[in-house]
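Pasting the structures in now, so scroll down.
Common to both upcoming complexes is subunit A, partnered first by subunit B, then by subunit C.
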Partner chain A sequence: MLLGPSGCGKSTMLRMIAGLTDITSGSLEFDGRQVNALEPRDRRIAFVFQSYALYPHMTVRANIAFPLLMNRFRWYHHLPVANSLMRRRFLRDPAVNAKVEEVAAMMELTDHLDRRPRTLSGGQRQRVAVARALVREPALYLLDEPLSNLDAKLRTQMRAEIAALYHRVRKTFVYVTHDQVEAMTMGTRIIVLNDGTIQQYGTPKEIYDRPANTFVARFIGSPPMNLIPCTPTGDTLTTPGGPLPLRAPTPDPVLLGVRAEKVTLSTSPGGLRARIVVVEHLGAETVIGFNLGDSRDLHYARMPGDVTFTPDTTCRADLDLNGASWFAPETGARLDPLL
Partner chain B sequence: MVTRSRRFGVLRALVVLVLVAVVGFPLYWMVTTATRRNQEIFAGDAPLVPDPARLGELFSGLGPMLDWLANSAFVAFGTTLLSLLMAVLAAYALSRYRFRGRGVFGFALFATQMLPEALIVVPLYAIFLVLGLLNDLGGLVLANTAFAMPVAVWILKSAIDRIPVEIEESARVDGCPRYAVLPQVVLPLVMPSVAAAAVISFFDGWNEFLFANTFMVDKEKWPASKGLASYVGEFVTPLGTVMSAALVFTLPAIVFFLLVQRRIVSGLTSGSVKG
Partner chain C sequence: MIENPGAARRLPYLFVGGAAVYLVLLTAAPLLNGLWLSVTDAQLLNPTGGSFIGFQHYARLFGDPGFYHSLYVTLVYTAAVVAGSLLLGTVAAVLLNRSFPGRTAARTVLTMPWAVPTVAVSLIFVWIYNNDSGVLNRLVRALGFDAQGWLTDTSWALVAVTAASVWKVFPFVMLVVLAALQSVPDELYESSRVDGADALNTFRQIVFPYLLPMLRVAALLMTIWSLRRFDIVWLLTQGGPVEATNTVVISVYRESFINSDLGLSAAIGAVGLVLSTVVTVAHFALERRSKESEAW
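Up next, the complex of A and B:
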């Protein structure tokens, strides 16, 4: 998974892997073989575009078969008029037809094979794009935000279909997304990018539990990780909401990172002084935004069920510091806790 | 509501009828004049409806008109093919590639349309004289192409601009060689614009008169536009014959337009990308 905000370079990275954007420096290797100079068609890849990029003048059948047909085309078959005739001829080939119908059945497109892309729904078009990628059995699948044009319901359905597909074909998928839910639920490894630089590489759990820096900590997770500015004093930490009996990994000021689900708000004594700012009832859980002490920084608590806090009231915030993260305020880099 | 929309429909039909009458009247006059005898034309008492019995006489007395029509067809088809071939390549390059001089090239194409043919004809005559292209139908094709191609380039460039580049990239990933992306993917999608450019180029070549009149000397090499003008004499102009020739001259162009206009449809790219 290539995950990052818009403009961070994730699509550019994918296009470089595909050979659609030139690599100005560095080396790109597939199985130890440098492929920088190879044309996209020679890289044994398939690319699913965000915008589907179907061939509108061809039927669904011809769209899916296109990579197979290109394998059989000689240079003179590409000439105007000849290419259309040869496409029709090769499309009648039983081997091509069998392969197309097999993939179409897998993607539930059998009934739409003789239709044009413009007559299909968004989800069906996306399935055609995936089917076209599947048909050539590439070594590497590249998917550039393939679900971002679908509505929420269809996106959930297609997410499950792509995940199932991944388990069925057992090939490497490189999947670009800015949606952390997609990355966390579908990815086995995630690269978090920002400003063209890799921020962290790891499993979804590693990235969620041990973010490499404050960017990753804030980018992954909804609501983002709370970063509480603290000043260590011996074995205690001074926070905007009061002291915490905890030893920091450094005597200098630090940022304490705590996930929202590790914060419990209550009116009982103990914990840090907090003021409720916003309450979002999500049904199964409630997300509460609060300030610590007199600080204006907004922190979040995620609590199960429907809690009865109201904005502009005071309460106490209890932090579960098991697995908390520490960051240097100046660089944002992760600091290893003292164990 | 229904009455209002019906009234609007009637009004629209009336306006269309008037426009058709205005545009069609010269054609009607051409056909009726072609079927009249000279004395009827000048007497002014000829019937307003052409006599079908005389339609058979239309093409008699046209002399070498058929040969001239064949020359015109050569020039028009030659201009169309050459213009389209070069225009497709130029339009693709202008649309898809960033290169030094791209803006200048685009402006130069426009500039050719700013200059009237009459201004070019003398220097072009000198060039054709050196190249041995005078009195040569091939030379006429070249001269007409120089004027028809820029228009075709701009028509096709704007059509190619509208095609999402992802479709081409997708074709490249799917195994289509770079040189084949244009004929495989782009060209079928811009066929309506190719057809429009073909019509414009064809009529440029078919109707062109100035270069034909200046460069073509041998009577048997004249295109029909020049041949048609030759019916107009210094002392006598047989209007019936001129109109017959004009009718014959118009028919192939109309047939060509009817054949090609079916391709001028829009919306071919719909469904290719999210939109």
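Up next, the complex of A and C:
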């Protein structure tokens, strides 16, 4: 998964892998073989575009078969008679039809094979784009925000279908997204990018639990990780909401990173002084935004759906500091070493 | 807001009324008048004084081998200009759609023939084709061949007129195709590259179908314009030599303004009108058929 905000360079990186954008420096290797100079068609890749890039004048069948046709194309097929003969033979080839129909069945497109893309729904078009990628049997699948043009319900459905497809074909998928839910639910490994620089590479759990810096900490997770400015004083930490009995990894001011689900708000004594700012009822859970002490920084707590809090009231915030993260305020870098 | 329902009903007629009056006065009325003239013996010096003579002019035309020759010349000229301008315009558009230094200047230069008045174009080509001092004959001699009378030799005159006409009109096709090319999404080029298509296949399989509707319109316009083109042919050869470039429109002019036979001229014009109508109807029939037929 290549994950990052808009303009961070994730699509550029994918296009460089595909050979659609030139690599100005460095080496790109597939299985130890440098491929910088190879044309996209020689890289054994398939690319699923954000806009699907279906050929509008061709039927679904022709769209899916197109890579196979090109694979069989030789220079002399450019000659007028040879071209039409070749194409006629190609279309009658039982092996080609069997392959197209097999892939179409896999993507539930059998009933739509003779339709044009413009008559299909967004989800069906997406399936055709994936089918066209599948038919080539590539070594590497590249997907550039393939779900971003779909509505929320369809996106959830297609997410599950692509995940199932991944498990079925067992090939490498490189998937670009700005949606962290897609990255966290579908990815086995995630690269978090920002400003063209890799911020972190790891499993979804590593990235969620041990973000490499404050950018990753804030970018991954919804609501984002709470970053509380603290000043160490001996064995305690001074926070805007009061002292915490905790020893920091450094004597200098630090940022304490705590996920929203590790924060419990209550009216009972103990914990840090807090003021409720916003209450978002999401059904199964409630996300509560609050300030600590007199600070204006907004922090979040994820609480059960049945809690009743009112904005602009005071309460106490208890932090579960097991697995908390520490960051340097100036650089944003994580202070304890990564595992 | 229009409160009065009667006024609201009349309003659409008011909007189309201006255009309808314009069409009736400047198109339908002259057309009907022309058809009427074709069945009279009207003369140029007394256009309204002709009397009805039935289909005598048509009978004369269809019994005249010269008329069939002018029909043949018209069809050959039209087919060659349409094919030449579509080919040259498409090639120029594809080249100009690529990114290279000086592209804007190249676009301007290649659009110029369309913008230059036909009289100027014709003069330029008269110089180019000049038997003694023309650039073309100098080039031909430099290549070791004999000089030709491009506008005076019956075997070359139609070729020369066609070439000049193609040069004059291909920028129109180029601009139309260029606009169509720019509507092809970049992802389709990239997708076809990933799918293994080379440049020629990308053009034939992906880009050309995008251009087809625009090319059809351009072909229709080129055909109609070529069928009725007068200026460049008249200025270069006046239909000669020995009627080698005598198109239907040149015949219309000759009969009207040289032979003063307005009736016969109108009859030739009516045949030309039928030709244009057949082309237009064929175009729409082809378009409908191609929309109904499935791509491979």
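Some notes on this structure:
We adopt the following convention: the second predicted complex is superposed on the first by the 323 of 339 C-alpha atoms of A that agree within 3 Å, B and C clash if a C-alpha of one lies under 4 Å from a C-alpha of the other, contacts with A are read in each partner's own complex, and residues count from 1 in each chain.
Keep in mind that, in the parts below, contacts are C-beta pairs under 8 Å (C-beta built on N, C-alpha and C of every residue); 3 or more make two chains touch, one makes a residue touch a chain.
What you are looking at is a predicted structure, and each value in this text was computed from that prediction instead of being measured.
Placing subunit B and subunit C on a common subunit A by superposition gives a clash between them.
When the two complexes are overlaid on their common chain A, residue A:L79 makes contact with subunit B while staying clear of subunit C.
By the touch criterion defined above, A:A18 reaches both subunit B and subunit C. Contacts of A:R118 after superposition on the shared chain: subunit B is touched, whereas subunit C is not. By the touch criterion stated above, A:D31 is placed in contact with neither subunit B nor subunit C.
Of the two partner chains placed by the overlay, only subunit B lies in contact with A:N149; subunit C stays clear of it. Touching more residues of subunit A than its counterpart among subunit B and subunit C is B. Contact with neither subunit B nor subunit C is seen for A:D312 once the two complexes are overlaid on the shared chain. In the superposition on chain A, A:E330 contacts neither subunit B nor subunit C. In the superposed pair of complexes, A:D235 makes contact with neither subunit B nor subunit C. Once the two complexes are overlaid on the shared chain, A:A62 sits against subunit C while remaining clear of subunit B.
Common to the subunit B and subunit C interfaces on subunit A are residues 18-20, 39-41, 45-47, 49, 51, 53, 55, 57, 66-67, 70-71, 73, 78, 116, 132, 136. Residues 164, 166-167, 169-180, 183-185, 187-189, 267-274 of subunit B touch subunit A in their complex.
Listing the residues of subunit A that touch subunit C in their complex gives 18-20, 39-41, 45-47, 49, 51, 53, 55, 57-59, 62, 66-67, 70-71, 73, 78, 87, 91, 114, 116, 132, 136.
Within the complex, the subunit A residues that touch subunit B are 18-20, 39-41, 45-47, 49-57, 66-67, 70-71, 73, 75, 78-80, 83-84, 116-120, 122, 125, 132, 136, 149. Residues 185, 187-188, 190-198, 200-201, 205-206, 209-210, 294-296 of subunit C touch subunit A in their complex.
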